[in-house]
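What follows is a short report on a single structure.
Letters A, B and C mark the chains in the order given here, with residues in each chain numbered from 1 onward.
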Amino acid sequence: MTFSLSADELVAICGSGRLEGTTTEKIRAIASLAQARPGDLTFLGNPKYRPAVATTQGSVVIVPEDHPGAPGTNQAFLRVANPSLALARVCRRLEQDLWPRPPAGIHPSAVIDPTARLAAGVTVGPLCVIEAGAVIGERAWLEAGVFVGRNGRIGADTRVYPGVKLLAESVVGDRVILQAGVVVGSDGFGYETVRGKHEKVPQVGHVQIGDDVEIGANTTIDRARFSATVIGEGAKIDNLVQIGHNVVVGRHCIICAQVGISGSTTLEDYVVLGGQAGLAGHLTVGRGSKVDGQTGVNSDLAPGSFVKGSPCLPYNLEQRLNVLRKRLPDLFKRVDALEAARHLDRAAPPPPTA
Amino acid sequence: MTFSLSADELVAICGSGRLEGTTTEKIRAIASLAQARPGDLTFLGNPKYRPAVATTQGSVVIVPEDHPGAPGTNQAFLRVANPSLALARVCRRLEQDLWPRPPAGIHPSAVIDPTARLAAGVTVGPLCVIEAGAVIGERAWLEAGVFVGRNGRIGADTRVYPGVKLLAESVVGDRVILQAGVVVGSDGFGYETVRGKHEKVPQVGHVQIGDDVEIGANTTIDRARFSATVIGEGAKIDNLVQIGHNVVVGRHCIICAQVGISGSTTLEDYVVLGGQAGLAGHLTVGRGSKVDGQTGVNSDLAPGSFVKGSPCLPYNLEQRLNVLRKRLPDLFKRVDALEAARHLDRAAPPPPTA
Amino acid sequence: MTFSLSADELVAICGSGRLEGTTTEKIRAIASLAQARPGDLTFLGNPKYRPAVATTQGSVVIVPEDHPGAPGTNQAFLRVANPSLALARVCRRLEQDLWPRPPAGIHPSAVIDPTARLAAGVTVGPLCVIEAGAVIGERAWLEAGVFVGRNGRIGADTRVYPGVKLLAESVVGDRVILQAGVVVGSDGFGYETVRGKHEKVPQVGHVQIGDDVEIGANTTIDRARFSATVIGEGAKIDNLVQIGHNVVVGRHCIICAQVGISGSTTLEDYVVLGGQAGLAGHLTVGRGSKVDGQTGVNSDLAPGSFVKGSPCLPYNLEQRLNVLRKRLPDLFKRVDALEAARHLDRAAPPPPTA
């Protein structure tokens, strides 16, 4: 990626912040504190890396307003309220330069049913397939090899990366981002066992994805048995996540990579699930709950819960039990010693009373 | 989805059942007990939701034969032996109306090697690729963008969803369902380390999938190092599952989402693996065994086992240990108290005997 | 697969080894010891299967040099230093016969931007998409339906299986193998929460994959927030693995299926991660460390560590704690007994001293 920005231009892009020190370097790249060299922009986002600020060779360093140090020679600090957010804004500006949106239009190799309706400003990449009755909203951008099944709907300004499969009847809101390889609307996993054979329960519902949702690469979201599997507005879902049929993900939830949510479970708003967590079916996870990575949830959680472990317990209890577990070898020795002492007492018993 | 069925038509579709009460509503949708409104069909499949039957507004409610309640005003109960199975049959009927099978034929954009053989009644969607020597059985339906490699074989009446990759030499039975993004026949993971470099062990076997199998979205099944990785007849596999090389999955097994099975492990028939379970390699899991979610299996399991935990233990033992674990803080206190008491005794020892 | 090799030809392919006994059979297939029949090659790779050598019906058996048994009637032993490696070499020879590389050339259905540069001897399969500025190295083989985004680079002799998505700016080395469905360069998972909404942090870095790497089916590797997510030379990654943004995987690491690595974590060289292990972000895992399956790592690991459990502990300690855990029911009983004994003592206290 090639760009060139002065320290003053960076301040303008961030929208606020105070420049301290000066540099003659133009900023041409971004790097971590440890790897930055002259001409690089760097930043202190995680307090863990604070000592690295004093030695970084980056030309402009975005730091928190109250960072105690001072810039070095030919180096500027850009002091802001939230360095990560400031960097995000710089990156957004770079992104537009690096990967400009292609002009609207339909690639001639795309296969589009005549009954599909495409709004103004839509971009459809090569080798996409859009089936009967599908509706694509204004300025939506389908990259190469995207599949939109029968009656699928994609909202305005939504971006769909290569190889996404959006199966029949799926509904996707506005400003949604679907990363490469996402599958929306695969059949839910349901069978009735009749005389030793698992008879398929047809899945005649659909998937409904709200506005401003992002879904990570190769994640799968099953259609409902009936009615809808729902992903609430503003929810962010990472890669390789499995969302079962009839799950409801609340608004602004955060679901990290490789989480699995079994059928008919509901997340209320602002729930955060750590990576590889697993949730059983037919549960309700209360608003704002946090579930640690690799945790197993098999009962409802009250709003504001914070749980860990498999099966999960309140976070602090689980941490305490993990500490005590490490002391088990010692505990066994202590009980051995108590028994030995008791045995000694009995070998030499106290004299009879009275 | 649009349909309209009377209560009597529902009875006919279910094939059996007794209607109690009457409704003037035509059934136009399916919903859960809590969400059902007039015009909806609903059902009691999970006893957990029994109280919701009394208050549901659904017009027809499928309930177990011995459900104690009675229908409300303008409401009918349909009493059946197995409500979930009855609903499945209604859904199957709806499915045929909603998503009729397209007519047989080959989309002109498909790329098919002249040596491939396609039986009568096959449907090949847009942008499929079928390589040399492949054989597609009668009435098989390949949706858009399916890849069938060299010498691949797909059985009769099998349905392959968009973006499935079936690599060279893979064999798929009759009436199989492969959900979107499935990969069958990727190389097994095998290396020999020679002077610090991992030298690839070529994987020259294949994958063999029996009749009536279903495989979930983005699941991966590796080809064998030699001979075959086998998925037995009637097995059902959920999304994002990993099946290693030379694994044998028995007939009618159920494998939930995100399970991983390492190379050369054998599941006998009717094994059930809960979500995110992991199995080490070269094991045998006996017929009818059940493995709980997130469980780690690293030794053979006798037929009929039921295990939980990582590493796994018999289910009841694991549950008991989890209960005792929560009592560890108390146990440590009790041992502290015993030691303090013992210390007290020694500080004020009993008088010498005799 | 069809081939026919004499025992002497097998010796030549293995490059070394000593033949003991003779067989009139030509070798036409490979099978495990238990399943081998006359005409099959079999081998003893895992000591677990040693007893099966005496009863195998295979015509040629590859065994370790010091294997104590002797071949049966019409059977030959091929004694070698490393039977698995010898078999790998036979398989490599078979592979070339079974799946010969197609001739170089571009399938007419591929969609290739005129600014992309393809070196000599490249094979591009049907329905590939190669975007502006991409560079494909000599003899690289892209199978059907591969996507290479803007400015993507693929090295010489690299093989890309069907349906791989290589997003903008991704760099792939020489002799790399990307299995079907791999996604390289999806956006990292990063947001800043501003007034209750998660604002996307644009991910303007890329992915850099070294020479001789192999990546398994449907695995996802996120692009860096800035600079690069790096996969070191010779690393081998299994199916359905998630690699977060700015992760650095060292050279010759082995990462088993369904592992998840959170953002900015570094693996030094020769690290081995067991299946379904999960690593938190911003960690360093020292050279040559081993992480057992399903383990959770949430702190740095010194070089040569061997850990297990979630959260992880040194392997031997974790194993010991698992043994003690099984003895908890007994420990609780022992403490009960000590308390009862103490109670008894107090009910019948020793006489007052003095």
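In the analysis below, a contact is a pair of C-beta atoms (placed from the backbone, for glycine too) under 8 Å apart; a residue touches a chain by one contact, two chains touch by 3 or more.
Bear in mind that the values here come from a model prediction, so they are computed numbers and not experimental data.
Relative orientation of chain A with respect to chain B corresponds to a rotation of 120°, obtained by superposing CA atoms and rounded to a multiple of 5.
In a homomeric contact, the two copies may use the same or different surfaces; for chain A and chain C, under half of the interface residue numbers are shared, pointing to different surfaces. Chain A and chain C have Cα centroids separated by 25 Å.
Among the residues of chain A, those touching two or more other chains are numbered 127, 145, 163, 181, 218, 240, 258, 276, 294, 310, 325, 331, 335, 338, 350-351. Those residues of chain B that touch chain C in the shared complex are 111, 127, 129, 131, 145, 147, 149-150, 163, 165, 167-169, 181, 183, 186-187, 189-192, 194, 196-204, 218, 220, 222, 225-227, 240, 242, 244, 246, 258, 260, 262, 276, 278, 280, 282, 294, 296, 298, 310-311, 313, 317, 320-321, 324-325, 327, 331, 334-335, 338, 341, 348-351. Chain B makes touch with chain A in their complex at residues 1, 29-32, 35, 46, 48, 82, 84-85, 87-88, 91-92, 94-95, 98-99, 107, 109, 125-127, 144-145, 161-163, 177, 179-181, 212, 214, 216-218, 234, 236, 238-240, 252, 254, 256-258, 270, 275-276, 293-294, 310, 322, 325-326, 328-329, 331-332, 335, 338-339, 342, 350-351, 353-354.
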